[in-house]
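Structures are listed in the sections that come next.
What follows is a pair of complexes built around subunit A, which joins subunit B in one and subunit C in the other.
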Partner chain A sequence: MMPGGFMGGAKDRLLPVSVPFRFFGAAAFFHVLAWLTLLWGADDLPRFIGGPGPVLAALHLMTLGVLAMAAIGASYQLLPVATRQPLARVWMARLSFWLFAPGLLILALGMSGEADSALWPGAILACAGLLLFALLTGDNLRRAGSLPIVAAHGGAALVALLGTIAAGLLLIGDFSHGYLADHASVAVLHMGVAAFGFMGLLVFGYSLILVPMYLLSRSVPTRPGWLQLGLGVAAILLFAAGRLMALPLLDVFALLIGLAAAATYLVLMRAAWKSAMRRRQGLSFVLLRAGWAGMVLGLLAGLVLAAGIDIPNGPALFGWIVLVGWLLTFVTGILQRIMPFLASMHATGRGGKPVRVSDLTAELPLRIHAVGHGLAFVLVALGIVLDLNVLVQLGAVAGLAGALAFAAFAGVVIVQVYRLGPPS
Partner chain B sequence: MSFTYRTPQLLQEDHQTTLDVIERLDALLAKARRSPPDVNDATVRGTLKKAAEAIGAEVEFHFKFEEDELFPRLEEAGDVGIGMHLREEHAALLPLGLAIAKSAGEAIDSGFTQADWDDFRDKAGELIERMLAHIQKEEMALLPMLDELLDDESDMELSVQHGNAH
Partner chain C sequence: MIDDLPGRHWMADDGLHIDVRDLAAPEPMIAILGRLETLATDGPVIVHHFCEPAPIYDDLADLGWTCEVVPGDEDEVRLILRRPV
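Then we have the complex of A and B:
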């Protein structure tokens, strides 16, 4: 079996192994770097409300370096398979990586406060990579006649990505020129649209493919899927309007609608679970479930803050729950399933016998990661609320240990896929 | 996934039947671990009986139907790769399924020695893992493609063939 042959023939939809795996490998690398940078800036985290420094750099290494990087790799490979439409240009996917990954490194250096002059070059490169991704994925989704609901989620996420990029560039310009009347409000808009609009809608949309696939579910109802999208988009629009018109009260309504969207999403996931042909799912589903709990907890924390109820260091806690409790937990749970599964399609075993998924993975590092990640989430959250830097530092060490273990897992998968299947 | 045509629905029902046995085998391996289970235990006996009766025949029939009737149609439509890939997986799965069915049948009559159980455990573990990944691929790729390819007439023809052969 030649690599790229699965679902091949006239409509080859499995990309060369190097394309998705460069994104997944980079996500594992940036995961380690994000925790390391957070450890460096641990003292600033509890009271963080924005501005250059190690926390801002760590935040972007996590959101762009891990979450977006993994989402891009997954989109490039999974969408052509799911939509049954090939990616328009594979070289453009490669180019997007070579713009995005180095751009992000330079951008993070600029954001850390160590080299201000790196901000614009890094931002331009990273944004160019993201725009190329948006172009390629938008084109694929436009041709996805068979999966309108996933295409609609993806399309809305890409619009949110464009909004995130625009707000991000405005913020970077404001660091040197100071033209924004309310920098903090635009920063909240940037973070909210990125987390809930871009990543959140991608999570909602891709879950409709990936979760039923892993559970071998018979069916997931379509109508609630459209409802979750409608509610999600309405919540993000309302939130953006509140920020742009300086009406913070709209945040409350946006979060309530967001909770309704999350509830609809969980109803869909429950339907997938109830019709599952396979329920023994292992560690990855523990992480997915924990991520779903993080999603609800994050929205509730946001609602409490928007209602004017004081939580010590509330903004930092809210961001922490959403980014680490929900999105990072969910994405690492999904990655540990996608990577060996995709690798098994590329790798060829001895005597042409297909390779087993277990030959391409490593269980112990994944267990260490799960423990480290869980511990890090709890310790840092406590450190934020209690304003205790030592807890944040301990949490960052646990997160770093987990990230190193996850990188070891990713390394095993990548080495095995190259050892057992010809690289391309 | 839910499908419009009857043929992918029938194949999904085959998957459900196979998964039922696979889940039971998985539970048996998880419970017994390294020690041979007591074949007089009702649950163990039920699982072995199901494996002996269903898995070999089910897998053999299902694979043959796909290879003889479905893959050629997909190949004619230009999708060569999926048939090639799934045929390779069938070639790895079929001997495992037949071996498990045979060992389960023998164990019902005479129980497991330690060596029999070690061999059964290795083969069943491999069958479970390979079969789950295989069914995931078929559910994700083959059945949706088939649902797109079929029309009323070809669906009727294939579903009757599937029903007659079962």
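Then we have the complex of A and C:
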């Protein structure tokens, strides 16, 4: 069974409220910006296979700005609580934000094709922020003894992050110097290791503590967790080897092993669900389940493509399903749990009337976000397959509406935590 | 069923006591909600906790319980749960 380690004495290890919430607030901001940029580049999306332009900028605003930003905020706050080890230096967490967030804005400007000279300054700042995050989180995981399985997932995800950064810098250099023999293959390696290695392994590992805690599950077995990690790492290594040795056949085996890892993960999540005591699961868990469906669908789409079966605009569709159908759906679903939960932890302890999680959230914006996000996913996916730009544009508008609603939700939580919680 | 729940409980003159101070979450929340669902009591229930269990206030309300923080021992947050008739 999962060792009991989460939240025991948690209050002592809560960071100043401004630290995690600046990352969550920024994720909500970049979410809006990503959909706006995608709307701008909608005509290019169906046939997108890489290269500078609005789609590349939108892609990085989504992956770095929303997915990584949320993961960093959650890691800084939840890992010290889970591992029972405080963050080594809180100022370094703050510094990582001030390197990463402005760096990403500059990088996105450079990637959009509007200001090539912004590429390197943006990349250097953003990568410095990510490396600082890796350093802080790696140090915390190194000292973690109570949750070895989560620490192992986190460690593997950080290695994947380093690989993602290295491949990303190679690709940026290649834009101006053209030294890569196969730019597209390195771009696929960069995307695959980022999505499945860094974010995927974080999702696998953090789900082992977050999902049972939010569901109030009585028990989740540990052993399949090690199996999912082993399979996940094997799949990513095989995929990377296939790219580096120009053996695309290895993609098929990597995706098959990835599907086995996903199946193991879903068995664990089902065990958490079966022993759940919480009645009020809410929209958040609808999104989590939709995200899990997106994960399986994305892997199956990848397998079909790797097997040589033609899907119209297949690479763009595969990327869309993995990034939006799985990861963005999951991350927005878990963020709408994490934010009010952390806010409630900060808002208590002042005496008087107890503060409920439901007092700190806003249901209507979350419903609008869920509808907008779902519509956006379907419309853009259809637009990619049918090569119809108007569907991509409509989907981007729906996604933008959903992102604005999500930002309103984040704004409500942040205002409430500062109104009710201790100033910090 | 009740033996599977984490934490400990006992009856006293002032009601049912549940002590979850030595547990790590989500076990305190499971210990409290599990006992409220399993034991036939309408309260009061006195909970000995290491912090305010804000994340389960909504769950308690769903089950018809009110919650009040009262003075307790040092290093303890004490709560009284009541189910209004």
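Going forward, the second predicted complex is superposed on the first by the 402 of 424 C-alpha atoms of A that agree within 3 Å, B and C clash if a C-alpha of one lies under 4 Å from a C-alpha of the other, contacts with A are read in each partner's own complex, and residues count from 1 in each chain.
Criterion: a contact is a pair of C-beta atoms (placed from the backbone, for glycine too) under 8 Å apart; a residue touches a chain by one contact, two chains touch by 3 or more.
Because the structure is predicted, anything quoted here is derived from the model rather than measured.
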item: First (subunit B), second (subunit C), both or neither touched by A:Arg280; value: both
item: Which superposed partner A:Ser344 touches (first subunit B, second subunit C, both, neither); value: both
item: Partner chain in contact with A:His177 - subunit B first, subunit C second, else both or neither; value: neither
item: Subunit B and subunit C footprints on subunit A, overlapping residues; value: 5-11, 212-213, 216-218, 277-278, 280, 341, 344-345, 354, 356-358
item: Of subunit C, residues touching subunit A in the complex; value: 4, 6, 23-27, 29-30, 33-34, 37, 50-52, 54-59, 61-62, 67-69
item: Subunit A residues touching subunit B - in the complex, by the definition given at the top; value: 1, 5-12, 14, 81-82, 84, 146, 212-214, 216-219, 277-278, 280, 341, 344-345, 352-354, 356-358
item: Subunit A residues touching subunit C - in the complex, by the definition given at the top; value: 4-11, 212-213, 216-218, 277-280, 341, 344-345, 347-349, 351, 354-358
item: Residue ranges of subunit B touching subunit A (in the complex, touch as defined); value: 1-2, 12, 15-16, 19, 23, 26, 75, 78-82, 84-85, 88-89, 91-92, 126, 129-130, 132-133, 135-137, 139-141, 144-145, 148
